[in-house]
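The structure appears right after this line, and notes come after that.
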């Protein structure tokens, strides 16, 4: 056991939830509460196990830590190879925190086939953590796709009125991107075979392979498309409002909190290092789309009548900012982007959770169905306010730090005007979020049925409080997180730049570094 | 031993947490204790720290608490800075803040719920915290934290009566307009970091002073960005619109946030950055012009307002304009001087108006008041003193600061702006005495049972009034103009270290003669306005005004409707924005993107629905299809040979 | 070119007859007549086989095809007493007919092209026409081709059982 | 070769044992049915035993060509034997209860299944056009009968007729193709096809084309697919299980054999293009039309048509990796497709009626296991990772990308995107719709459960640990006589 | 040349027969006639086989023909059985009337 935890911590983290889910299926369907409690326990255990990860992770060490590797399909060089750096670390923690939170919230709400529900969430967690740990492209792709299935069921079975459309849209959208990426992966590995005579899907091996510029562009676009859809980047975002709106609250929390980040993560981990030149060539367009996303998402969020939909569009805006930070490619902006992913996970997660709190009581997400309830549910209001201000980047809360770093880093990059345009998001976000707050919690209380609105439940309160606490913590002491992100980000930059220089020096296409 | 600086913000923060977490359960007395008490302690702590500092060589002190944000080349600390400027701000922020907390105990006591009471004091404490952070922060980012923090509190407190739509709107408006300013501030910070590679005051200013030639070309843009921030926070044209609405909040809030402290943050910021501004003369000119325009514009509007708080609000805007005018012409000392004195008398005025409204049972329309002098003497006398101070009647505080500003403007040879300043002074005196007359003089015009309820306010409210009134008298004597005594300007001497040496032509200063002339002029103008108002509104109660209204109804209506600026903004900005947002959503999202995708999906489905009819169920068709396939393949493959 | 080869004449005549009657079979609307036409055609084919040095094939052609299969057809036709094809509603399908015709012409054209273009060329390993006796044929069947032969037996068995299963009159017990 | 007459020796016997066992078991079943009807309950077991026995014999048969180079025994044939044997096992397992439900439990069914199995086995092993043709016909005849075996169900008889007519038509073309190959090579042996010069002889190409058509017909490749939906719909589901999987695998192997024999210098571009065209047509038509299907058996038929399109990609690639990929793909296809049909057999209990998808509503909760396996099989067919289907596609597309057939690969993945549409539609009906009636479904028979369980296990086993099978397939493909590039 | 018969004649006949068979299969509506046409197609193949066999001087041709004829017989029995059993449901073997399974 000790060995398992010391040597294979990542594997444990990946498969613990799935194993828990398997056990869960033994619980009789009738024991709904037991099933929920068990699932929650598993996710909390997972969280507990991820704490040592956080502690033992040494930012000073280069490369990937907690590495594991077994041959999976030796003849094709596909291996089960894991490892994390600071970027994966913080996202893993985010996942292991948000999963129990969403399950905790669901404790008192979901009633339809609870067992399957809990199982889906645990399976999802496995998929996400696996995606964040995988260092082999084939393995990554497997986890990346497997994630879709539980989410499809979560939206489709426990979702709102238009859940089927939303689930299908979500699945097809995401799939369409990743299928092309699949071919790209095959091609990349094929190149390695062609150049070295050996199959390998291992990132570290493929990083040595050079690609002709034309090929690089195509491959990069294939990868980028898959990730852009997941993020989602501006023109490809329309699946998100539907998915977020129709998904059950817990689903929205994870979808917004974690799944979207995987797009950016994949871009950082694979698309950029593998195809640096193409990435740099296309960075202006990526950044442009990001900027458009910031403004567009914020503008479109404003007229929404559905609370979840509004928050969903705010996600488009926020992730647009993250994309801008990535494209800016300064270490400040990159650190900011990674941090901002965590922040967005916390704030948007909290927002969805609190909207869920209201929804579970009034069974409507219509903004106009509320108003003036601040006096009825002060605690909910307070929490919602904190989440709001975190989301619109009020200094002292987490949102500000990420936002500021991204904008500042972008300003110092070659694309100053991105920063200028993106900064208008500061104004726009205030407009739509405060309008939401006012229309929901303030103004005269017109709907009588809201007078008896029950206050937030303890379980929900705990769930929300955890997130709020984290918001404040990161807002006040961002360096606790940044210290873990910064070295990885700088290492990433270094490796990419080094690879570009090699590529320019060495004649392409040949292995940048012939294998022994 | 010297108390650590972090204690100053920490105490109100503690009070905030106490009120927030336990306030509802433990009741009003606890809240009062925690809320006002924490601020009282902060004040004591502040003075305990300040007095030795001011007595000593007041060299800047920096206290670094810890690192805060580090990412790539960017790094900023949590560190506080105590120098004459921040010390000055801290001194009156804490003091006035404490007085207003005290006042609030009485004013808010009849607020029905414990929850509301706790909420109020929690916000107020949070504000004190943010304000102190703003003032004490040792780098732009920390200042920005306080900057946004006070914005948040203003938002919360303006919207304190959240169930009244106009209050909620006003709060939101305040925050959003401030955000527009902050946008500028942010860009300014980015630019500064881009230029100097740091956000630390000492580093930035040091570098700027050391090598002006290198940075000067960029600094105009930088300063303008920063000034946009200041315009938002300090309600300058065109971003002033939120301040009058902000009067929807409880009156003490108006006194504290929207008169004494927060709104002057902009002036503080500009003064703080005077090194940069000096290197950007164009920016300074812009500051001066905006200030002057704001001053007279707001003063004119104030002439025709009937809501007592609205008058004070516009007067605040106008006075802020004065301060920026001062900064714009490089008379920072005068500006800060006015900030201080204005804090005293404007707070006093607001609290006085609050006391009146309190007595009138919430009535704010001056036309329904009158003759209150007898009913509430303390309020009246304090109010009168503050009014005189604001009007710039010697020897009250306002006179000295305003005179200093005008002198500065004249000195800078900005004669147009000088004229504007003088006129404004007259208008100020006029509308203030109009206010006093309508409120306190004449006979009561309200309803009977209002009259029956009229009473002087409790001591918790009057004591602060008295204290502030006293300060409104003596507050100005720390900065006597040189014509009175060569060493009289202790204020200027004290602040001197903040400013690098003045450019050459300023060294001479004005001749005594000119200075006397200016004093005489401004005083005369003020007195004139004062007397006119007294004649029109008290002596023979308001016939001339009606005459004027009848004479030129158009202009009068325009002024009364505040030049319809809000309507303008609504038409030019708000509506188009809504339209755009909705259009984007309905057109781009729904119509274009989803439209295309759904169309594609639909076409595939349609193809399936059509193609399935190839499967006719008739074997002959199957055979034919098969055979066609064969022939096709033959043509394709064999045909090639 | 020596005297006109009589065997060619015979073959061609037989072939023409076979083709003709195959055509008759196709055009006739009454199945029975089609079958009878085909009987003639198959006999003609048998003649062709004889001319091609394949008397054994000719024999089974007559016995199996003419004797067994076509008779079986006739039996079934009697059993079901189906009349001639009536113009069933939706019977005429111009598109089907046109496409079929076009495809057929194309096919015929391509086929002919192929055959005249090296179709008759046989690999040079040919050792002239083999003797027409049957014994070696039998020997081959039971030695070299024993595998397909046995497989064929299974196939016949399957066909037998299958036919029995399908054609049993009473419903399954 | 023909000179020395072949003696039926022990090695021939050893090589042919598998087929002998199956045929004999078939006869035995028929006899038992006639003379010992009591023993009916044991027919399934007996058939399973026969399949197992023949498989055992196949695996221990000495490698090499026997019957004078007409029958191959090799790693490849063993793998394919396992594959088709597995299909037979699933079919028989499902058949037992299916026939009992419909009161058609007769020996003939199993006998014909086994004999058809013999035919497929000959297809996988035959090195001789004649053997191949006989095997093909044996398979076809048996399944003509099986299609129409439910004589009191009109749909079944009609399926029989349609399959028979189209099948006979198709095999006539196949035969004509064989004629030309024989004409040019002077022998029916495949080995004879590898003489120099044949690769460019138009008549040989024509023959190959007709073979492609004939076996493409068996694989239900568009445009030779039209029979499949109707026949699948009318045919008894257990027979469909077998027919929809095993013969397809055998057919592609035959095509590979013949083509490799002729094209020693690699596939001519014209042929590659033609095959690619067929592949694209198959994928697109299959997937698009499947979207519009209401009957699940028809839908699966079209999905099968599309899947064969993917297989043709491998034929167009024409290489060892591709061949190995095909083997893996068909194992995956066995698990997914047979599993899906088995689930259909378990979920629809009235055989006289069609199988509308709507009837599956809410089955996810009513009969969780069968529905779960069905969903799993569908995800596998859709190629979601961690399932066998993904690995199958993985190797096929890998081969295509390696060969540089990018367009084909891209069209392939886009098609699988379309396919997700209808696979997920079924999943959604299974789990996200309320059941039509709430009467408790009869509990799943053991045999069906076993079949479904096997498929599920195979799906995961292949999806998670494809390595072993891939090694085997790769090794088997190495033994395959590829020349040139 | 087989004796005096040029192979081309044989092939021509075979091709003609095959085409006619296809034509019948495509154009006739009675299942029985269609099946007869298919038989013609097989006979076309047989003719070609015999011809080539003779031309090549190998007996394999005849042997294949032998197999084909046997298979044809088997097919006939099965096919006719199918017709019969189908005829029980739909009093017709006109394929135009048989479209229960479609779309």
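When the chains are written out, they are named A, B, C, D and E in that same order, and each has its own residue count from 1.
Note that a contact is a pair of C-beta atoms (placed from the backbone, for glycine too) under 8 Å apart; a residue touches a chain by one contact, two chains touch by 3 or more.
Bear in mind that the values here come from a model prediction, so they are computed numbers and not experimental data.
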**Request:** Count the smallest number of chain-to-chain hops linking subunit A with subunit E, moving only between touching chains.
**Result:** 2
**Message:** Starting from the defined contact criterion, work out which chains touch subunit B and subunit C both, please.
**Reply:** D, E
**Complete:** Centre-most chain by CA centroid is A
**Item:** Among all chain pairs, the one with the most C-beta contacts
**Value:** C-E
**Asked** Once you find the CA centre of subunit C and the CA centre of subunit D, what distance in Å lies between them?
**Response** 30
**Request:** Between subunit A and subunit B, tell me the centre distance in angstrom, where each centre is the average of that chain's C-alpha atoms.
**Result:** 38
**Request:** Starting from the mean Cα coordinates of subunit B and subunit D, work out the distance between those two points in Å.
**Result:** 79
**Request:** Mind checking the centre-to-centre distance between subunit C and subunit E? Centres are C-alpha means, answer in whole Å.
**Result:** 5
**Message:** Which positions in subunit A are in touch with at least two other chains?
**Reply:** none
**Request:** Specify, in ascending order, the residues of subunit C that touch 2 or more different other chains.
**Result:** 96, 100, 103, 107, 114-115, 119, 122-123, 125-126, 140, 145, 148, 152, 155, 158-159, 162-166
**Complete:** Among all residues of subunit B, those touching at least two other chains are 612, 615, 617, 619-621, 623-624, 627-628, 630, 634, 638
**Prompt:** Which chains touch which?
**Reply:** A-B, A-D, B-C, B-D, B-E, C-D, C-E, D-E
**Request:** Quick one: which bits of subunit D touch subunit C in the complex? Just the residue numbers, please.
**Result:** 2, 5-8, 12, 16, 19, 23, 26-27, 30, 67-68, 70-71, 103-104, 106, 108, 111-112, 115-116, 118-119, 122, 128, 130-131, 134-135, 137-138, 141-142, 144-145, 148-149, 151-152, 160, 183-186, 195, 201-203, 206
**Request:** Enumerate the contact residues on subunit D facing subunit B in the complex.
**Result:** 161-162, 165-166, 169-170, 173, 202, 205-206, 209-210, 212-213, 217, 222-224, 226-227, 229-230, 270-271, 273-274, 277-278, 285, 288-293, 418, 421
**Prompt:** In the complex formed with subunit B, which residues of subunit C make contact?
**Reply:** 93, 96, 99-100, 103, 106-107, 110, 114
**Item:** Of subunit C, residues touching subunit D in the complex
**Value:** 114-115, 117-119, 122-123, 125-126, 139-140, 143-148, 150-152, 154-155, 157-159, 161-166, 168, 171-172
**Touching residues (chain side subunit A, partner subunit D) in the complex** = 71-76, 113, 141-146, 148-149, 152-153, 156-157, 163-164, 167-168, 171-172, 175-176, 179-180, 182-183, 186-187, 189-190, 193
